[in-house]
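Structures are listed in the sections that come next.
Both of the next two complexes hold subunit A, though its partner changes from subunit B to subunit C.
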Partner chain A sequence: MNATHAQRRRERLDRGLKVRSEGIYALMSWRELVYLTLPRLILIAGLLILPFLMPTAYWQRVISIVCIYALLALSFDFLAHFVGLVSLGGAFFIGTGGYLTAILNTSFGLPPLLTIPIATVFGAVICTLLLLPCLPLRGVYFAIVTLMYPLLLMRVIEALDILGGTDGIVGIDSFANRWIEQYFIICMVLLFLFGMRRVVNQDLGLVLRAVKDNDQAVRASGISITYYKTIAVFISSAMGCLAGAYLVHLYMWAGLSTFALDFSILPIAATVIGGAGTLVGPVLGAFILVPISELLREFGTLRIVFYAIILLAFIVFRSEGIMVYGQRKYHQFEKWTKV
Partner chain B sequence: MDILFEILIYGSIHSISLALIALGFALVYGTSRVPNFAHGALYIINGFIVWSFLRVWGLNYFLSVVFAIIVTGLIGALIYQFFLIRVRGMAISEIIASYAIGLAILEGFRWGGFKGMTYTLPTFIQGTIFVAGVPVDLHRIIVLVSGLALVGFLWLFTHYTRIGLALRGMAQDERAALMLGIDSDRMAVVAMVFGAMLAGLASVLLLPLGNIVVETGYNVLILAIAVCIVGGLGSWVGAVLAAFIIGFAQIFTEVFLGTHFKVVVALLAIIITLILRPSGLFGQQKELEERV
Partner chain C sequence: MSSTKPPLLQVNQVTKTFGGIFALNDVSFDLHEGEILGIIGPNGSGKTTLVNCITGFIEMTAGEVLYRGKKISGKAPHKIADMGITRTFQIMRPYYSLPAYKNLVIPLFSPRAKRTGGWRGGGKLGDRNTVSIDILEELGFERESFVPYKKASNLPTGYLKRMELARCLALNPKIILCDEVFSGLSMSEIASMVPLVERLQMEGITLIMIEHRLRELFRVANRIMVLNFGEKLIEGTAEEVMADERVKEAYFGSQEVEEVMAHA
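Take a look at the complex of A and B:
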């Protein structure tokens, strides 16, 4: 290497606009205000007008399904990247919430207005209680246990022929009209998305992240990690059960397929593609992945192959995801500097 | 008395089959700490390759089995070299990546119309013999004998050959092995090749007893995980012992409760073991690494 050939490297710096808008001075200029609020407004407005842009009722239905997966992906992302518990059991949450709703609706005759909140809370309680013994487990072990739970419940229902057996529970009420059906879930996604962003920056979120990074240190500080993990699992399974309860009312049917692997794998794929640990990323990922998989529906199981390959490619070669990349481009600029 | 012998004989055969299925998974995990969730897919791939050598290309049975196992080993090496090696050490990415590979392969087969009763392999030897008054077909006897032989062979291999010793060294302490000049990346590839070949061997021995269907791939994965977890991830002795425990438990439930509960037993075994004693019967991991 001779001296005349200067070596360069890329340097990444925060944009001035970003630094300025971090303080209270952001309120004094339109530019900073827009810089702060525009991405959020685009997301909210985009989600709210999306149903009007859909050409057919079929695609409006797809938006509802996307929102179900978005909730699941949000719950996966929260548990995996803010608490350090990797749960491969999205189907477990969906199934519990779904079956609970189905029982409440068909056996007790409660309307969707009541079944969904009850199933959300009690489903989350059931999931948390069942997962409680597994909470001390780490990494691979927790992942394997949560992967096995939905399979176990599915086989038990099949073997004992309870809860409708392989036929499932039919005759569940649907929503009053399709606009309620549509906007209920969209509002829930927005609510949980911004709610979770708040939660992870509160004290609770701080402790949870500490549990993820170094649980022994948290323990040494006299904080019960099991207590905090329980809270996190409750929040996360509540999101999953809500999605399950909604799904059952949407399809007017609860069956073994609510424990299907789709509900465990697709949210993970969405999180990996969207950007892990950003909370917005998984929602975005769901909005990319589910419509694509819907377009490929006529190819049958090929769509599972397709999203398995996307998942593989992203996790092996581009593990940061779209949202992390996007945030970097939005907040920072790059330049070449001499070394 | 008859039912006792039946349970004893079919229980041991079933246990040996489980051990065959699980050994590949245990080998890969024990050596490179990669939980190979594509194990079931490799099992099915091997069955498919044997089938196509045999039926499409018209090779003789023995040759197609040998070629198929070699090809499966190569596929395992490719999977490791191109994908898994890049995420090695990141436990969750390993699971997700290998599971995605397995999913892609299995669902790809399903899409290719690979289901139903049409795809079968012939048994090695036709015929039935009576053992203590219980009819057992000869193929199952072959499974039993070759399973036992394989376990013995693996024991000899890992104790008396250079590669085997290197694999064990890496399983015990990777850093120390690196210092002694064992190339851990290469050994991990070797382990994956052996793991894939063991999956292939298991499929060659077990698939003639049923049809080649995609669901088998998933079941094989669950059984392999069950055996390895109960025995302790990474412990080969534990895996063999756990295969017998789960095998007999499954046969008992099948006889006294019904076939539906067979998989429930395996799943319950996984969950209960993980909750009570995550390192399994013979796991060598430190308690703190797996639970708080």
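Take a look at the complex of A and C:
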């Protein structure tokens, strides 16, 4: 045994940083500050330089689609793991936001700068109002209702031949240039990601998490659970409608495929892979799943087979999700300290 | 207790049926401001159902509940809690994923706590985290320890029972309906809870206590009401109630009653 070696011991990096409870930190040095902020900075920087790393315009377009799914996954994770409402409403939100944008742009001639915020807010209002009667429902029942709405609206548009019928609404403005198109949605993902992280730790978010844990106790605390569920659904559907509004401007077309089931299912897969209840996880999950799906296009019909195998592997070997695993490992990093 | 003052809470002929079974049958009683009313009865006699009916968690089949002369039966549970009529749950309902002190932020965030300023502050302007730790400390959570910061899922029953009471107190209540706060606690834990209940009464909070721990209940309660098979058997002081033949019959074989009566 080396004499100098004996006087050192291993210590966890986060030791001393965590004060009593998670979420409260005591920073004593620059190193600790870096330890805390580095993962977040890497995420932000990584997302911001991603468009430059993409070889072709096709892959840049993929990044935009990924961001749409990332917003939907964020919206799913928020509702499912912080409010306790399992929502399959991705398609519903995308469709509502998308068609609203299309109408605002083609019939009223509003530019994307106006259509997107208006569609986000009013789309969310419409979605929330339609979901209001189902808010007392929990678990799988709420999921089924949110799944029914896109199917219902799709058939209504098809049968009555309104809003362009099966052809959809064409001639929607695109963004001014590729960089605005790209960075708008990336900034939105970052904004909502860090915004939601903040919301769930505020008093409002605590009430929502309490509703998930034990809604009867929330009622016994003199708080209306329907009111808070309404707020949560509004926030969640606003994210979905924003994604829908963006999608329609991206494709310059709004059609029945905005109600496609993909928008409901893929966010759930992304959440499972990324780590449920972490908010960052679902975003990362979308950044893994969607490009994989694109890469597998070469295999033609076998694509779904490989896709399913990859999903299965994730669920069997990392069922907790990448982020939950990653966060745990990151907190277990050790350093040598002098005794 | 002056008889001219109207009762704080009037329960008039409350009946609750589940299918053909009468969980509560024509139960009436008055609750006066500042008193502690104990409700006892064998298992399945409808005590918890009564609490559920008063606080609006289940709808009663017939009858009405008046609070300060105004009808509250039929209102939503959160509206009734908003008026200051709070309850604890027999099976504790903490928010398991939140730390203990964050559990109290939720009632402190409620409209009632914001309006009335809470039990120990923490209304619109107060720091809810600080106030919730203050409240927990008053209920026996050691401030300087890790206990108030632990996740509720890691806390033992004794602390969770106190947290049930803390949730009610954070709302700055007028009436607390305690559904078996002593059950599942050790003798020493109960011994530390009794002075707490007495202090709440001194602060002007009216309590209804459902208990199986008769000895401790008789120490604090002003009046006792006995339920059996959903019907009110008798109401009176502890001595009157325990001397009643029907109560003895309902509790027949219960060792504790015999013990208590031997002491009485």
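Here is the rule we use: the second predicted complex is superposed on the first by the 283 of 339 C-alpha atoms of A that agree within 3 Å, B and C clash if a C-alpha of one lies under 4 Å from a C-alpha of the other, contacts with A are read in each partner's own complex, and residues count from 1 in each chain.
Please note the rule applied: a residue touches a chain if its C-beta (ideal position, glycine included) is under 8 Å from a C-beta of that chain, and two chains touch if they have at least 3 such contacts.
Given the structure is predicted, the values throughout are model-derived calculations rather than measurements.
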(message) Just to be sure I read the superposition right, which of the two partners does A:Arg219 touch: subunit B = first, subunit C = second, or both, or neither?
(response) both
(message) Tell me the contact category for A:Ile265 with respect to subunit B and subunit C: first, second, both or neither.
(response) first
(request) Please indicate which partner A:Gly171 is in contact with in the superposed arrangement: first for subunit B, second for subunit C, both, or neither. (result) neither
(message) Contacts for A:Pro55 in the overlay, against subunit B (first) and subunit C (second): which applies, first, second, both or neither?
(response) neither
(request) Identify which of subunit B and subunit C touches the larger number of residues of subunit A. (result) B
(request) Kindly classify A:Leu206 by the partners it touches after superposition: subunit B alone (first), subunit C alone (second), both, or neither? (result) second
(request) Go through the superposed model and pick first if A:Ala308 touches only subunit B, second if only subunit C, both, or neither. (result) first
(message) Give me the intersection of subunit A's contacts with subunit B and its contacts with subunit C, in residue numbers.
(response) 216, 219, 225
(message) Looking at the complex, which residues from subunit B come into contact with subunit A?
(response) 35, 83, 86-87, 91-93, 95-97, 99-101, 103-104, 107-108, 110-111, 222, 225, 229, 233, 258, 260-261, 263-264, 267-268, 270-271, 274-275, 278, 289-292
(message) Going by the contact rule set out above, which residues of subunit A touch subunit C in the complex?
(response) 20-21, 203-204, 206-207, 209-210, 212-214, 216-225
(message) Considering only the defined contacts, which subunit A positions touch subunit B in the complex?
(response) 80, 86, 88, 133-134, 136-141, 143-145, 148-149, 151-152, 155-156, 158-159, 215-216, 219, 225, 265, 268, 272, 299-302, 304-305, 308-309, 311-312, 315-317, 319
(message) Under the definition above, what is the set of subunit C residues touching subunit A in their complex?
(response) 55, 57, 76-78, 81-82, 86-87, 89, 93-99, 102-103, 105-107, 109-113, 128, 146, 149, 167-168, 170-171
